[in-house]
């Protein structure tokens, strides 16, 4: 495990008060005021549950993992934003959280994105590639890079208008290039098409690529960057029970053989650590 | 099993909309509009659950049994009133039901109170004895007896002011005699003291006694009526999983040996059917 | 119900693959609560009676129930009228149902089982017999259903006594249910059903003494579904006779998981307690699921198609 | 924590009766996430390592987890660095913890177990050894922990190799865990711990194929607590060595139920995943409960006082 800039979490699950919950094309963004936690690094995640977790079917029982979409030190603590897609019992309860209700959280957890210099020594800038719900961690990354004065390009891909959510909310940014499968906005096709064009440019070798999104997109980015020998980090997903390295459930195959625990060795992984981003049971369908 | 006036239930669990939920000393009374069910008889009960039954602890899983406290045919169906004491996960969810939310119910179930003539041939009137939360089924019984022109006396017992709830709401009735353990209202002591005095009167033999309340109170009533040879019916409680005779969980020992299933052979039992009203695990603590 | 869900279960022609678990739906008591609707809209394609014993039993002292996370413990203790009482009082009422009747029997000895099989098997109103082997054999002191040898010997003792189908209800409280299932098959069983409840206990949260009147009981409900699914899969791989799968089934989706695991039919138990018409709902959900998956027709086919 | 919860567990002096279940709390990884707080506020009175094997193991292919009603199935497959890797890399880090270290070991043969017991037993930093017997013995093909004979033979093979306490981690997947516990005691075990996970499986709700990469796994969490409580009671009645009870424990109230059932100590497993400091909470809840009940002092006393 390489040393990284991960921020440590308080050693306990704590309660944060929900301060907002707004709809954004296809998803919800809710904010919680974390009174006792530190400011997370881009790419880190939290394990979340509501105070009335569970149902007569007995699920959800375990907490659920969520990338921190944005975070800001505010009066009384740190405001944490989460982008949620309701795909099952846990995300449905989280997406339905009302202002004032409590959310139970553990975090920040996991390995964050590295700085461009670290990722690609002498990198001229950063390329952020996001797809669907996967754009979540990019907002915080973008703000941090911007304040560090790192030039960046943002490429975002969406299925259709229904799932084009959160762009405005999350990526307030001059230069965003869009790709949509239904062509309702920007390039008709995949965001990786845009990346391919961009990496064809001469400054490609010195670019540092940061990607998050569905497994298929991450795999396309991984393959492309491997081929063009561009340094890239991917924010991945895997089923997680604990989020702090104790259940060994979040196994992702390593290129070198064996598995890593994505919750402590990831969720941000160097593209060259893995031989594929397609892992059974991992990521959004 | 003696033939009785039980009203049959629709053969399915159904949803009713909560139309009100008010606090009453120590308890909650909530009302639901049952669009498709019949009017219940006094003493019958319903199996209730909320739409978000359960929790991360996996309970409540089974529905919970509740006497119908009052019922009235209204526009759009039958208004059912339930008196709820929050003593655990199920009653807490039910007590918290808000107007407009749904309650899942099966019923009316079980054997209702018999008419005075049936219970005590030539009865000159009815004596209703209730304690604590047990006063629930008396309200409906009282109204039905009143409209049938049956003279009645109502004796109610409460622990203390905190648990003197629902009297006004439920038993709008000229002549109610109260007994409270803390003496804050009426006789200081047990409601069975009042019953003893009353049964000492000469019309005692022709009285029909209807009682519901905590096991200790029911047992005192049973013993007293047995001794004075007064006919009595007791509305009892037992742990119930199904409410319709299928789980055999609600066993109550019979005086004649063996057990009855309280959900189909009760919950109203003739005092002389049992040799004690004190049954392990049954009734409120 | 649009899809054709009918099937042949070891010779029993059933309209659909959803039965009730023994002891979880009392068709006679349900009629007292719900009237003729129970018979007119009977949820199950065959009715499995509560287990009867040679002599009448009162059952266990209360409390008999304890609710657990996503499940419940019961220690009912097989209250029943005994063979004679059942034949005299219950059988005529159950015969009025429009579906085949499967009578569940249990005895403390092989002779006792033989007596029950002969007594029940002699009645035309009875379609099949389920042997509840989750009981000790007084001769050996061993729980019949936990021992392949005991189970095989029991089948040999009763197989010749009736031409009716014999279904063996397996217990989950053993290391290798598949071995017991094989013994049942070799002994001449026509089908096996599983799982019965898992041995469990509870303490009074306040007093800390054992909660149940009988000390211990059996766990059922969604909590045990993952265990049931595993045992059904293992047993279905081990035998060629049909398997009736149960354990925490609450929906058509759950039913399909059991059918995919090799079950030919499934049974609804604890879910009946939450909703008396749960069976009816599960049948229609199953029909919809099968249609949506293009699997209508014999649902047993699912097994072949996806089980491993 | 005001009440004195300290106890003697077969010679181990523990500050309180709450341990972790093997494989459910990685003290080294937790430090990467939470820092030194893990060591400073270590929740457990002894640390039980994840099971190690003679050779390194990568573990099972994903998916390894499936959430079930009030529980979860895992098919992790015992990933570990092997004996040498453990002694070299992990032991020094674990030795920094302020509590006694119990190392869990498993091998496919008695020789393998002997090798592990010698290798681990030789280290001063190791306080005791837990034998995870939920594995097949290649020589017999039988699951050691499901057979009293196998378990007894294993103890005989390793007992003489170390003076350290040997704890046998029993499997719940058998008809009579008490018989296996007795065999362990006769073989010289100093304590038994139970329950391990129950064999279970899951299907992809969409594709219907087996969900877990390894096909099947083990069920844990509140769903199995009633089964665990029953087995703990039976085992505690059968043996005179101390019993470490676990299975779905989430609160001090649950802990007391296990202690009342005859357990001397308890372990927290799946609950750790929901809250990394669940153990700390459970200890303080237990302390409050014992004070409220006037049972402070040796909690083991509870067993005598109320178990039956």
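Labels for the chains are A, B, C and D, by order of writing; each one numbers its residues from 1.
As a convention for this text, a residue touches a chain if its C-beta (ideal position, glycine included) is under 8 Å from a C-beta of that chain, and two chains touch if they have at least 3 such contacts.
Nothing here was measured: the structure is a model prediction, and the numbers come from that model.
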If you tally contacting C-beta pairs, which pair wins, A-D or A-C?
A-D
Chain B and chain C: spacing of chain centres that average the CA atoms, whole Å
35
So the centre of each chain is just the mean of its C-alpha atoms; given that, what is the distance between chain B and chain D in Å?
48
Find every residue in chain D that makes contact with two or more other chains and list them.
68-71, 221-223, 274
Listed in rising order, chain B residues that touch 2 or more other chains are 49, 54, 56-58, 60-61
Line, ring, star, complete or other: which describes how these chains touch one another?
complete
Chain C contacts chain A in the complex at 69-70, 222-223, 250, 274
Touching residues (chain side chain B, partner chain D) in the complex:
56-58
Report the residues of chain C in contact with chain B in the complex, numbered from low to high.
23-26, 28-30, 32-35, 37-38, 41, 50, 58-65, 67-72, 74, 76, 79, 206, 211, 213, 221-223, 270, 272-277, 280
Taking the complex as given, what residues does chain B use to touch chain A?
49, 52-58, 60-61
If we count contacts the way the header does, which residues on chain C are in touch with chain D in the complex?
66, 68-71, 73, 143, 146, 173-175, 198-203, 205, 207-210, 215-216, 219, 221-227, 229-231, 233, 248, 253, 256-257, 260-261, 302, 306, 308
